[in-house]
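Every chain is named by a letter (A, B, C, D, E and F) in the order it is written, and numbering of its residues begins at 1.
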Amino acid sequence: MKIKDIYDYLDTIAPFDSAAEWDNCGLSVGSLDSDVTKVIIALDVTDDVIDTAAREGAQLVITHHPLLFAPIAQIKTDSLVYKAVKSGVTFIAAHTNLDKASGGVNDCLAKKVGVSDLRQSGVDEFLKIGEIEPCTPQEFALKVKNALGGKVSFTDNNATIKTVALCSGGGGDLIDAAHLEGADAFLTGEAKHHELLYANLIHTDLFVAGHYETEVVVCEALCERLSKNFKDVEFVLYEGNAPVKYI
Amino acid sequence: MKIKDIYDYLDTIAPFDSAAEWDNCGLSVGSLDSDVTKVIIALDVTDDVIDTAAREGAQLVITHHPLLFAPIAQIKTDSLVYKAVKSGVTFIAAHTNLDKASGGVNDCLAKKVGVSDLRQSGVDEFLKIGEIEPCTPQEFALKVKNALGGKVSFTDNNATIKTVALCSGGGGDLIDAAHLEGADAFLTGEAKHHELLYANLIHTDLFVAGHYETEVVVCEALCERLSKNFKDVEFVLYEGNAPVKYI
Amino acid sequence: MKIKDIYDYLDTIAPFDSAAEWDNCGLSVGSLDSDVTKVIIALDVTDDVIDTAAREGAQLVITHHPLLFAPIAQIKTDSLVYKAVKSGVTFIAAHTNLDKASGGVNDCLAKKVGVSDLRQSGVDEFLKIGEIEPCTPQEFALKVKNALGGKVSFTDNNATIKTVALCSGGGGDLIDAAHLEGADAFLTGEAKHHELLYANLIHTDLFVAGHYETEVVVCEALCERLSKNFKDVEFVLYEGNAPVKYI
Amino acid sequence: MKIKDIYDYLDTIAPFDSAAEWDNCGLSVGSLDSDVTKVIIALDVTDDVIDTAAREGAQLVITHHPLLFAPIAQIKTDSLVYKAVKSGVTFIAAHTNLDKASGGVNDCLAKKVGVSDLRQSGVDEFLKIGEIEPCTPQEFALKVKNALGGKVSFTDNNATIKTVALCSGGGGDLIDAAHLEGADAFLTGEAKHHELLYANLIHTDLFVAGHYETEVVVCEALCERLSKNFKDVEFVLYEGNAPVKYI
Amino acid sequence: MKIKDIYDYLDTIAPFDSAAEWDNCGLSVGSLDSDVTKVIIALDVTDDVIDTAAREGAQLVITHHPLLFAPIAQIKTDSLVYKAVKSGVTFIAAHTNLDKASGGVNDCLAKKVGVSDLRQSGVDEFLKIGEIEPCTPQEFALKVKNALGGKVSFTDNNATIKTVALCSGGGGDLIDAAHLEGADAFLTGEAKHHELLYANLIHTDLFVAGHYETEVVVCEALCERLSKNFKDVEFVLYEGNAPVKYI
Amino acid sequence: MKIKDIYDYLDTIAPFDSAAEWDNCGLSVGSLDSDVTKVIIALDVTDDVIDTAAREGAQLVITHHPLLFAPIAQIKTDSLVYKAVKSGVTFIAAHTNLDKASGGVNDCLAKKVGVSDLRQSGVDEFLKIGEIEPCTPQEFALKVKNALGGKVSFTDNNATIKTVALCSGGGGDLIDAAHLEGADAFLTGEAKHHELLYANLIHTDLFVAGHYETEVVVCEALCERLSKNFKDVEFVLYEGNAPVKYI
């Protein structure tokens, strides 16, 4: 089996050319022509992920966030890129293409927090909308926290929530799109102060549940799909900690 | 007393032309030539802040964040700007000029969380650095939470913290500047996922304590200074809630 | 009747999305959801137009030029925008969309000065071409002045005029398009010195009859059309003076 | 005598490098190294100016407006540039450098219309301010018309005029600068509709007296200065008509 | 016969609107309406080409490179443009439109150096690919030198060459496109140092045979086609030297 | 000895911050904190240079051209960057800072071809001017070829050459600067066709002697200076071939 076979399969379920224009997904480091028998799947490339790949003898690491997010003009010994190249492992990212793919990050998030009847937004390609059992903001925040872990910040407009828009990761700037879609609430991973104020102004409750927590849910699902499709390759779900603690 | 007298005093303690180039602080709505006897001081212009100003008979609202953050091409009846104009009240913002001023937002934050010996960073104009009693990341997180309320997210590098860099509000992109200044920890209000990962990589602990919580501390201090300087004007500290709840 | 009904009708006869890209027509201030019984129609929003709307109890002002031509970052008490918001009246503009609409500004101008067989230019969307009874430049200038009032500046190539291109308002930069269309003369409201020189060079006579005078002709026509269509709303043609005197 | 001697003298009285950044003054066509005995001075390079230079045997034409206003990528037989090159004459322009020079266009205009005690504006380099005998707008308009010919358009704020700002040529966009300088009136050659409206709003009367009429006054003065300085060269003032007629 | 007839024929065999966006081909100086009986055909407009046209009594010069490559803002007596206008001759260029046309520069080059089975590249519009009898790099370099004259610089990867990509003129930046097309070698007129290094890295031999030498081959072919098509016009192939000597 | 010591010395003789704005010199790959006992000095980073460094046990490669000329967003196994990182060697470039430094590339080139009395141009920072024994263009071309190897292309204006401007590497666009400096000839490494034509037009002979040949002369000089300054480090001059052959 070649890495290119796995790359091509990813391209089928989440076409790389459907990624956002600013994105840099696909091959970051290495070669698609290498043989592969073992793959690590993680949200991010970190020190520990590279160490794990080396220790486990994996030839490929698949992450959601690209190792090379922006072009670089210097490669220092103490950088992640240097370590990645030295490891001899190949690194591939499925980022914004996977966010919106069917069965991708948004879909996994919706499933995890119990949002059903999911439909694609007509306003923004990274937004999806669905329904929950009617509840209060406080109840929905608790439900999200129980499902994802971490902590949840939210605005509370004292109204029942039924229709929920969602965007995994850093999607706070879609609060207006969520409002235009008629959502009672909008769940995302990161939001800025002025987006929270705006949510209060337009009475669309904004739930901020962590970039990591709203995205890491895709890794397990991806691991299962790849394992099912490539019987002769071992896919290992990286089990490291969240990058942040809460108090 | 004219509003211009208060404006000129603000210009003395936090010169408006020292604001960031992209900022839009100073007069947002109204007139510097109006008489003033009562002033509301708040972090943001919200529905409730305008209602409070009207109810209290204030002629001026001073906030940290500008009412008109970006230029607008339309003023709808249900917008904050419309409501602000209709209120007849004048609105002034002291934003990035107050962030870095002596006795400004950063200084108030440092005082509140117990960072002493504060000095200006040479790397970034919005960064200051100081010292705390040596403690663990967990202990510093608790200290910050007790001082500011809200919740604290943080990376934990298992090392003692002594030198602390800080930037109130949304300062996560200064993590590298904090590292260059030799800080053990960096306290700010908002940070993105990749900034948290980077903090882990470079072993500089990042403490994220809320945009609102790290900035609202300036309001009380500003209220006191203005009250002391303008005996004939009544300055009222707005006592509304934080825009967000935590679970 | 809601303002939105009138807005939608305007959108039918002069679609707002057909406006030039740099234009800012449509709703400037107020709300499309308000009830309306009385409307002022004028070329521009001026102090006196707002006073008239307030005095007459109108809920809507429709003008050709937008109140908010460019985005604004500050609203001072002595500005037109401040006064407009305070008035409680809604302000809508039909600008470049109305210039080129059938029955719009260009068509009204052509009718007023006796240019018939009007056709759309293929070179520029804001240019139309038609025919007059053959006459000298001096005669055509007099005809235009008699029809529009004000004064007329013109280049005189000593040749008979039969085919006339026209563009209401500030259209001097279309002199070359008029020439390419084979026009003997080009009538517009404003032209620059180098456009007049160029007109002399290419022997296409340029007639400059005033921005106000070549556009105000649309107001009466618009008033009539709206009155016919909305029987229960009173449409009042603003009768103020031209902004400029001539000597 | 070489053309360069005249060029260098112009550079002394109106330094070419003081021109506006977008300007293209100096040598347009020909050579500074040619001998010169006869020079035509005109406001613009026109067909008739080139014919006159050829007929008179002039080696140089000095104009206010540059022959090559913008860079060109094609030179057609029927263009002014083609004709200019074929004539063998050299063409030099003293444009925005002459506008603001001492004894330049603005100064000549002020003298012609009786504005005295002229001083340079601190707000804009192309604006000057002076004083007249107090009079009504109507009276000042008449005075300007009698001095310059052509026609005058003006806004009339019904107040006495004493302090007058002026900018020859197309200076309507300086109405705000004129207002900031405390002028009662602002005299220029060209203005747009919205500048006239703005003049009404801020109660600073705007007098528009023609681009040609407010600038051609410099030609005679320039002719005299050059004649005095270069006794062996004949300087001829071009006596052609204004490019435009009025009715 | 009018020059426009020849222009229109050129437009048929190498449509001017197929030129690269940055190109400035077509009419540079003169008029398409002039009569024509004699035409000079050359690669470039030089002093000697203009002298030749004048001496020969030609009314038209057709070159590959445009006389006005970029827009100009000044026309000095000692410039080529000045001389061209003074000559009274009309100048037309068929540049990037002719590069890629059927029977154009690339095709002529391929024929001259013996590359057959030429096909259009799918990667770049200015690249064509064909086949030669298998030979060594050294042998191909000699073949090119014998065919074109001048000198040849080349990288030598010690492998047999069979498939050859080519781009006349300055095409070194297409080395990657040539590689993607599977070429063993890439022949062009100019290349930069880093393109030669890159050619070594990817083992695609780069042959640099001179901008002039790889393009001048089109002149003879163009002369023949035009002579055949316009029997009443004399087309003269300019016989001047290459602009450069080699040692 | 640390690599940083050598880096700091280079910064003294050719300050990195004096490099052109678009340049990317300094550290490309590796770490300034590593120990160093052996250094390879070459013009470019190539496959063979990296192999040589590894074979020789060098810890540092210093080149003129940066390994990372432009930022990269992907690192493939077959790229030079990948190979460089894997080698464990550190790579530093002294590029445009070294071009213009005293004793830098331009100075070495001048010395090699016998241009004396070298002075810095006031027109362009990368141009220097000096004098040779008067000779013909043909003689100077031969002299350059004998000194540098490779081949020389040149324009020949049939005039004696005495003053010579020079710019190592790709400097053809400085032909006008050389002319302005009063040079009879201009020696550089690369020039484009239109620059050669222009050289003919302005009668300033242009000598093109190869990018590699005009720059590689600095390596030996640099090697000597470094060896003298760092007695305990071995500096090895890379002895590979030129990247290109001539025929």
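To be clear about the criterion, a contact is a pair of C-beta atoms (placed from the backbone, for glycine too) under 8 Å apart; a residue touches a chain by one contact, two chains touch by 3 or more.
Note that the structure is predicted; figures quoted are calculated from it, not measured.
Counted as hops between touching chains, the shortest connection from subunit C to subunit F is 3.
Looking at the partners of subunit A and subunit B together, they share no chain. Among the other chains, the CA centroid farthest from that of subunit E is the one of B. The mean-CA centres of subunit C and subunit D are about 31 angstrom from one another, to the nearest whole unit. Inter-chain centre distance (subunit B to subunit C, centres taken as mean C-alpha positions): 48 Å.
Spacing of subunit B relative to subunit D, judged by their CA centroids, is 53 angstrom.
The set of subunit D residues touching two or more other chains is empty.
Viewed as a network of touching protein chains, the structure reduces to one closed ring of chains, two contacts apiece. Those residues of subunit F that touch subunit E in the shared complex are 44, 46-47, 65, 69, 80, 138, 141-142, 145, 151-156, 169-170, 189-190, 192-194, 196-197, 200-201, 208, 211-212, 243-247.
The touching residues of subunit C, when paired with subunit B in their complex, are 24, 26-31, 33-34, 68, 70-78, 81-82, 85-86, 88, 90.
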